[in-house]
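Every chain is named by a letter (A, B and C) in the order it is written, and numbering of its residues begins at 1.
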Amino acid sequence: MKVILFLQLLWSVLSYFLNVRYVFLFQIFISAINLFIGISLISNIKNPQDRIFELNNLLFLDSLNGVLLFVILLIAFFVSIYSIGYMKKEMEHGIKEKNVNKFYFWMNLFIFAMVLLTVSNNFGILWIAIEGTTLATAFLISYYRNKEAVEAGWKYIILCSIGIALALFGIILLYFNSFPLLGHSMESLNWTNIYDIAGKLNPHLLLLAFIFIVIGFGTKVGFAPLHFWLPDAHSQAPTPISALMSGVLLNCALYSILRVYAILNKNGYVLDADKYLLFFSVFTVFISTIFIIRQVDYKRLLAYSSMEHMALITFAFSVNTKLSIFAGIYHLLNHAIVKTAIFMSVGNILVNTHSRDIFSTKGLFKSMPLTSTALILSVLAITGTPPFNVFYSEFLIFLSAFSSNFYISTVVLIFLLIVIFGGFIYHFLNMVMGDSDKKYKENFAILLPIYSLLVFALVLTFYIPENILVLLNNIPTILEVK
Amino acid sequence: MKEVLIGFLQLFILLAIAPFIKTFIHKLKCLMRGQKGPPLTQAYKDLYRLFNKEVVLSKDASFISRIAPYMVFVSTVWAATFLPIINKHTLLGFTGDIIAMVYILALGVFFIALYGMDSGSAFGGLGSSREVTIAALTEASFMLVIFTFALQTNSTNIGEIFEKVHEFGLTAVPVSAAFALIALLIVSLAENARIPFDNPETHLELTMVHEAMILEASGRHLALFEYSSYLKLTIFITLASNLFFPIGFYKDTSILFFIIGILVYLLKLILFSIPVAIIEMSMAKFRFFRVPEILTLGFILSLISLIIYHV
Amino acid sequence: MVKFLVEFFGALSLFIAIAQLSSNRLNLSIKIYQLQSLFLSISILFIGITFNEFELYLSAFLNFIIKTILIPYLLFKVVEKMRLDREISVYIGITNSLLISILIIILSFYISIKIDISGEVVAKQIFPLSLGIILIGLFTMIVRKKALSQILGFLTMENGIFLAGSSLTKGMPMIVEIGIFFDVFVGALMAAIFVFQIKTTIDSIDTSKLSNLRE
């Protein structure tokens, strides 16, 4: 793990100084190495109790963050390939080389912060890393320096800072809860240590800490009343960053909540914690449905869709059975892959047409056939059409919810998902159909990652790689589901 | 008999020290500005000079103008008779408590406001309306601060409140005390027409509050007004110093304790005058529209101190 | 006695948070923030004296350096460099927001009654006080329109969290503490840069004018 972290940090510094051509080359190389190391690391984990520690117990890897680490490195790898084609296009349209360097600097720092967040065992370091992701992406969101971009950046930095500050208070409460038992040291902030003594913690204080952490990190996940930064940030950031944020960053924030949720589950005396998650998930899907239907900006539409999927995952965790947790994590993996693909395809449209308006974009089948085929395929995938993997995991989530008597919320969610499906099909068919006399050149470096992700998504429906399946099966035990 | 004597002595101390406190604050401000400032006996000289001058009354003035200065002075002195400074035996302590004291002081405000309007000058009316606005806004927060201490000590008798505060100290309820202290500071500044609510040193039409009301007064009447305002300031500082600096309030009535008590009292007065001077030095007067906001702040702080005491 | 001082200065910090709501000038707001950080440092220093922990002394010192000197200096520079309009603009008037703040304080005391705080705590009242500071900081961010005031509200929240952290738990572990300080400082720096970007793009720092991104 420290190798990945070190490489990533070193590379982010280097990418600021190197010539852009080398940066393009090495970006793929470094992210491929990281992916390789990551996969070899997680294949060591077989049992739920397996934990790999590094750096004096500060870093650790178990099944839960193993999956997340895999997702981060995978998405980062594909985004790295994609960003080359994307940035080359942007340079043709007059972005300076220095700014491209800056882009890679912040992006690599962003990935570094996310990896650190994932593998850190210590809640303090986790907090620092998640604040780091905020700071690293703030300038990426306002990358184009126009009025809208600056507004989005400001909203992002302010709202997320508030959220993260509240989460820090939650972490302090957690520490306050644990340090009489573990002593005053770095160790008593370690997740593994708190988890081991979870049964002895004070449940009232634990619940208060959980509420603060849900609200705090929930801001970053995009739970409904706290989501205002999310569509702005996703629509204004350069597309590779949108893909990273939506596919990975939101998952990272959700992961931080899950770690605390695991402690609560193990403690066993905290009632109603899952009710908060249930409320947030249903409300978020409701809000995102409304905004998806009446959306005119396709990147914003996708941002709302990310909120919806995060909420579905959260719903799976609030159901809290073995099957639902499995389905939730599986959905997290599926969503990350498909959402990245769809963001990449719209990014290719945006970089050519320079318009984010759904209704002024017409006839994409004529002007860029390959991209729009990918777009339609990924739209079908993200809305949960068989045979894509998202369908399978959503089906599992609802099945598990039904079997544990969550009838009303399940029916409501299914209804909302159907509405969302309608909204998606309506908006995107509008874009690809029709007549157009323009013809855009389609870049191979852009198309390759999209299609490979789609193939991967299709494969995941029928076959989950053995290493990943082991991790997925372990996670319900880690979360102490009854 | 001894108790009556003690009561007289305390009243005498208050009356004697009041002009000194006013001059002391003035002097301190001058020193901080780098000026030489008046001698510390200046207020006594002023009063002596004014008492010897004849009164000039407007021909439109009614009997209000004739009685108001005396009413103001008497009500302030009356309030002072309730206020113990070093021993709980006061002259009229058995007839009223701290609530009575607050409202007897308000009686003085009532008459001074009437006096401002009586002579029919434009400034007087203006000053009166402002003064009444401020007084109405401060009243609530002042009472809440007092209730905080009354609840804490289970008594509204000032002597007993002081005695119990000195017994327990403030360490039992530091949070409550911090808020009450600041609330009382704001209330005192507003009630005594100090900066940032009013400037006691200028006669600028647009800004003056207290001075506007007594613009018409002269000679003996002016002296009475001035003297009662010195006295009121001293009453507030005494109240604050005895509540928030609980040293030097004795049950014992021997001569030795008296002398120590008086010395400590003087020190406390000087100590509590310094912040007033510093605030007046470092702040500008607020616009009048801003005054309600600051007084709301004072009200809220006093309310918080009351709530926190109960938690 | 030390407990008295800890709670007393904690209470003064809450007072300052409320006073922040009543300020009507940017410069005054920054000065108020400076004073609050000073009180916070003193409070942490006294907590340090109680437990005699080196980390708390260090924390108090860092607090003093970063929050009382560096960040206010930075913000004053921003105000001066950009020739900002010094008036503060609000969504809810000062008097009303002060009245709402009392509800916030009641809420925070109510919450702290509900959870019984046991264990080795230097001062029990600090918990509701810091919760009050956090919530009032949040409220300040909501009612103020100007970007700089919002930053100040955020910093106020951060102060509340620090007060809670050092009084409830003898301070977080050293590495975490330093990391948090670093993050706060960098966050303030970046927010200041954003203020600069906002000023150059819309020629004002009134965030209510940032309304292009609507549904």
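As a working rule, contacts are C-beta pairs under 8 Å (C-beta built on N, C-alpha and C of every residue); 3 or more make two chains touch, one makes a residue touch a chain.
Bear in mind that the values here come from a model prediction, so they are computed numbers and not experimental data.
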Inset, instruction - Please find which chain has its CA centre nearest to the centre of all protein CA atoms in view. - result: C
Legend entry - Relative to chain B, chain with the most remote C-alpha centre: A
Inset, instruction - Could you tell me which two chains share the largest number of C-beta contact pairs? - result: A-C
Legend entry - For chain A paired with chain C, centre-to-centre distance based on mean C-alpha positions, whole Å: 31
Inset, instruction - Return the distance between the CA-based centres of chain A and chain B, expressed in whole Å. - result: 64
Inset, instruction - Give, as an integer number of Å, the spacing between the C-alpha centres of chain C and chain B. - result: 35
Inset, instruction - Can you check the complex and tell me which residues of chain C touch chain B? - result: 1, 3-5, 7-8, 10-12, 15, 18-19, 22, 24, 94-95, 98-99, 101-102, 105-106, 109, 112-113, 125, 128-129
Legend entry - Touching residues (chain side chain C, partner chain A) in the complex: 111, 114-120, 134, 138, 141, 147, 150, 154, 157-158, 160-161, 164-165, 168-170, 172-173, 175-176, 179-180, 182-183, 186-187, 190-191, 194, 197-198, 201-202, 207, 210-213, 215
Legend entry - For the chain B and chain C complex, residues of the former touching the latter: 170-171, 174-175, 177-179, 182, 290, 292-294, 296-297, 300-301, 303-304, 307-308, 311
Legend entry - chain A - residues contacting chain C, complex: 122, 124-125, 127-128, 131-132, 134-135, 138-139, 142, 145-148, 150-155, 157-158, 161-162, 165-166, 168-169, 172-173, 175-176, 179-180, 184-186, 189, 202, 204-205, 208, 231-232, 235-236, 291, 294-295
